[in-house]
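Next come two complexes built around subunit A: one with subunit B, the other with subunit C.
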Partner chain A sequence: MKKIINDPSTVVADALRGMAAAHGDLLDVHLDPAVVVRADAPVPRKVAVISGGGSGHEPLHAGFVGRGMLDAACPGPVFTSPTPDQVLEAVTRTDGGAGALLIVKNYTGDVLNFETAAELAAAEGLAVRTVVIDDDVAVTDSAHTAGRRGVGGTVLLEKLVGAAAERGVDLDGCEELARSVIGRVRSMGLALAPGTVPHAGEPSFTLGDDEIELGIGIHGEPGRRRVPLRPADELVPALLDPVLEDLPFTAGDRVLLFTNGMGGTPLIELYLAHGIAERLLAERGVTVERRLVGSYTTSLEMQGMSFTVLKLDDDLVELWDAPVRTPALRWGV
Partner chain B sequence: MGCGADEVVAALRAAAVVVAEHREELVRLDRAIGDGDHGENLHRGFSAVVSKLDGSAPATPGAVLKLAATTLISTVGGAAGPLYGTAFLRAATAVGDAPELDAALVAGALRAALEGVVARGKAVVGDKTMVDALTPAVTAAEDVAEGGVDVAAVLAAAAGAAEEGARSTEPLVARKGRASYLGERSAGHLDPGAWSTSLLLRSFAGGAR
Partner chain C sequence: MKKIINDPSTVVADALRGMAAAHGDLLDVHLDPAVVVRADAPVPRKVAVISGGGSGHEPLHAGFVGRGMLDAACPGPVFTSPTPDQVLEAVTRTDGGAGALLIVKNYTGDVLNFETAAELAAAEGLAVRTVVIDDDVAVTDSAHTAGRRGVGGTVLLEKLVGAAAERGVDLDGCEELARSVIGRVRSMGLALAPGTVPHAGEPSFTLGDDEIELGIGIHGEPGRRRVPLRPADELVPALLDPVLEDLPFTAGDRVLLFTNGMGGTPLIELYLAHGIAERLLAERGVTVERRLVGSYTTSLEMQGMSFTVLKLDDDLVELWDAPVRTPALRWGV
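Here is the complex of A and B:
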């Protein structure tokens, strides 16, 4: 294992200190318990939008804290969900009197810890709602598994709901919007090579030299199948078609196409894949109205990528275009 | 001999030692069908429980269990944190403010713990989770408790049944938690959470005497 770290057990805290140094104008970083809060929190009368999850997916979630997106993020240890007291701390620090919406990716650990936090918050008289995002179409058998996982769609959800909250939409409205976005966003990813969790010291899975995993999860969970590496012109539809067929997205739809890197794949390959995907969508009569290309939902240094497609309407386009000022996404301000 | 707050503290300290000794094993089991953090998560949690116990010694078994519960909930994370935390919390509630635990109270605490895990995680026997170890443990504990034995005998019976239950997870296909994403590929491996449940009950049986 080759990593720029000192000690596996302090990686998250050490990185958070660096984040505080880099983005002190946007964020307040607290270490015990670990929460990253927007610098001007709590914002009076605004719904607090809070997310969190295991670390190792940067910039998700702390990189999206700031005006127009998240009020707070709760970073757990690498690939391990945060604990309820972190979430409760985030709610307490950001509650501006309009309640809090918790955005949770669908993993057993995350769901159980956020659920416990929501119970503790309710017991303290705080208004808290929870939404669970499960956009990964690679999981085909939801009845005999823990269900579809939350992956790249989370970034889009956090941006859209964050924009709504910034405009003064109330807790009911934010929750309703979140559920509607979750209903119209789908994703799937692939891996070329695994990442290594610092305290594990060994790669999370193994792949042959010319083998890829189609449908990989962001913690290296297995996908639909292992196939030989093929040219991008074949890989892109192998990833995009299941996403489009799932909702389904059909001719006449307006969409946001998010081409995401998993951490170890360079932007040059992401643009290459994105270009092919735009062409395929055009051939299907689907209009790409907004796009995001880059490594925003990562899995340490895993080599690979994912596509996320979101069905747009006028309201969502407006929320997407609304100002955002966070370490990882910034426009309009 | 009875089982007061001191004995429950001793049992938790024994559990922390066992978790530390088996940290790597649990990591290895979780790496095979999960994400390799189970040993790390429990080690972090039980070390924190020991630090808490070093700082203050609650007066009743229930208060000790409650301290363990809140500490596990706030330090373990992952699926196991809320599940074990809830188990200890329900056990604490079940024993109330009794100054000493007897066989019936211990069996009742184990039953309450199981109900807590099931209420949170919604797993049934055969899903390849800690429920596969805890369920037979509770039944065995209740069976021997009826015979009027002491606490150590109840825990020994529970530990034996839990180990057997944990071993029974090996051929199963996981239907809950991270391992479920492996589908058929999860068969042929022990479930890490079932194994840690068996280790914990074994350590209680040894430490509470």
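Here is the complex of A and C:
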């Protein structure tokens, strides 16, 4: 295992110290329990938007804490859910009196721990709602999941709900928006090569020299099937077609296309894949109105990529374009 | 070789098509010759700031085209200089009547081709100046270089000079600023694992299972020495100390610290390394006033990182903070 780390047991805390040093203007980073909070929290009368999950998917989630996106993120150990205590701490630290919306990726441990935290918060008289995102069309049920997995669509959900909360939308409205976005977003990914969990020390899976995994999960969970590596002109529709056919997305739809890298994929390949996807969408009569290209929902140093497609309307375009100021996404401010 | 590409011979053009699709609001992308120009070029009475070099270092340089940074970038084939024709085309397309400053990384082919382009432009009556950046302290002379190599400091140089040009600083002033920045910036990198040039098909170099290359070049050129992999607490000073001792940076200095990933390094490792570097700088009495953490000067999917340190003053802080709107760096607008 080759990594720029000290000890597998301190990777998350060590990385959080680096985030604290790098982004002291945006973030308050707490280590015990580990919670990353926007520097100006709590924001009075604003719904707090909170997410979290296992570490190893950076910049998800802590890289999206800041004005116009998340109020707090709870980083668990690598590929392991944060504890209810962490989530409760995030709710408490960001409580501005308008309640909190917890955005949870659909993995068994995360759902359980966020639900427990929501119950603890309710017992303290705090208004907390939970939404679960399950945008990955690749598989139903998996090693870590009952139902579909939550993957790249989480970034878009956090941006859109974060923008609404920043504008003063109340807890009912934020929850309704979140459920609407979850209904409009679909994803699928592939892997060329695995990542290695620090405390495991060995790659999460193995692939042959010319083999890829179609439908890979962000923890290296198996996807739909292993197939020979093919040219990008064939790989892109192998990912994009299942995404488009699932919702489905059809001619006349307006969409946001998010081309995501898994952590070890160079930008030149992401742009190459993005260009093919834009052409295929145009051929189907689907209009790409907004884009995001980069490594935003990763799996350590896994080489691979995913596409996420979100059906837009005027309101969602406005929320997407709204100012955001976080370590990983920033515009308009 | 596992890559998301079609044909090694079309990788650069295919990726540029993706950039054009993703960033049509910011960029005009031309393919023959390959030149990426800010969408509102030429900007009347503004010095045009132009750079370029071999592809495979994305987002350098095309990802830094836009308001407040570059007017144009000339992407060559992977790890191969652009031609004089490309550079001349960039100068012509961005000429707003105030001249052009060419920012060239110190590699033999780049220096030759940019100089030739500058001569051709001068022959057409255009005012063109050239500056060469050579911030890598690792080695003097190398496979591709007479003198030191240009690496991560290029990003900072392009941002600072781009901000000055946007504010109306004239060609003399932009050239003087560029030379001052080059005198204040130093870098060094390491590799854990190589990248693979598409048309070569094999990794650029090989390393043992527990071996790293200290002082690696961004084309996989040899550095200072191969050493066993060590904990991050030892790797970070092995990179940072030679950088600090070179200028030197000393107690009381104000700096920008840029922690850069080589393309295949996950963000969690970059933040971890960044945190250690901030601590070491604080121990030396050097004040980190600005930071950049991410993969901005890459070498395909190479796993590794580099540190770049720039000595700041009030003017440079102001130029760094000035609004920028490019695909890869954006704030304030």
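Quick note on the criterion: the second predicted complex is superposed on the first by the 327 of 333 C-alpha atoms of A that agree within 3 Å, B and C clash if a C-alpha of one lies under 4 Å from a C-alpha of the other, contacts with A are read in each partner's own complex, and residues count from 1 in each chain.
The definition used in the following text is that contacts are C-beta pairs under 8 Å (C-beta built on N, C-alpha and C of every residue); 3 or more make two chains touch, one makes a residue touch a chain.
Bear in mind that the values here come from a model prediction, so they are computed numbers and not experimental data.
Partner contacting the larger number of subunit A residues, of subunit B and subunit C: C. After overlaying the two complexes on the shared chain, residue contacts for A:249 are found with neither subunit B nor subunit C.
When the shared chain is aligned, subunit B comes close enough to touch A:204, but subunit C does not. When the two structures are aligned on the shared chain, A:307 is found in touch with neither subunit B nor subunit C.
In the superposition on chain A, no contact is made by A:64 with either subunit B or subunit C.
By the touch criterion defined above, A:82 reaches subunit B but does not reach subunit C. Once the two complexes are overlaid on the shared chain, A:115 sits against subunit B while remaining clear of subunit C.
Legend: residue contacts after superposition of the two complexes on their common chain; A:139 is shown touching subunit B, with no touch to subunit C. Overlaid on A, the two complexes show subunit B and subunit C touching no common residue of subunit A.
The touching residues of subunit C, when paired with subunit A in their complex, are 2-7, 11-12, 14-23, 55-56, 58-59, 63, 192-193, 195, 209-210, 212, 229, 231-233, 235, 259, 263-276, 278-279, 288, 291, 293, 295, 298, 300-301, 303, 305, 327, 330-333. Contact residues on subunit A toward subunit B in their complex (touch as defined above): 33, 76-77, 79-85, 107-109, 112-113, 115-116, 139, 141, 144-146, 149, 197, 199-200, 202, 204, 217, 219-222. Note for the complex: subunit B touches subunit A at residues 27, 31, 35-37, 40-41, 44, 73-83, 85-86, 120-121, 173, 175-178, 180-183, 185.
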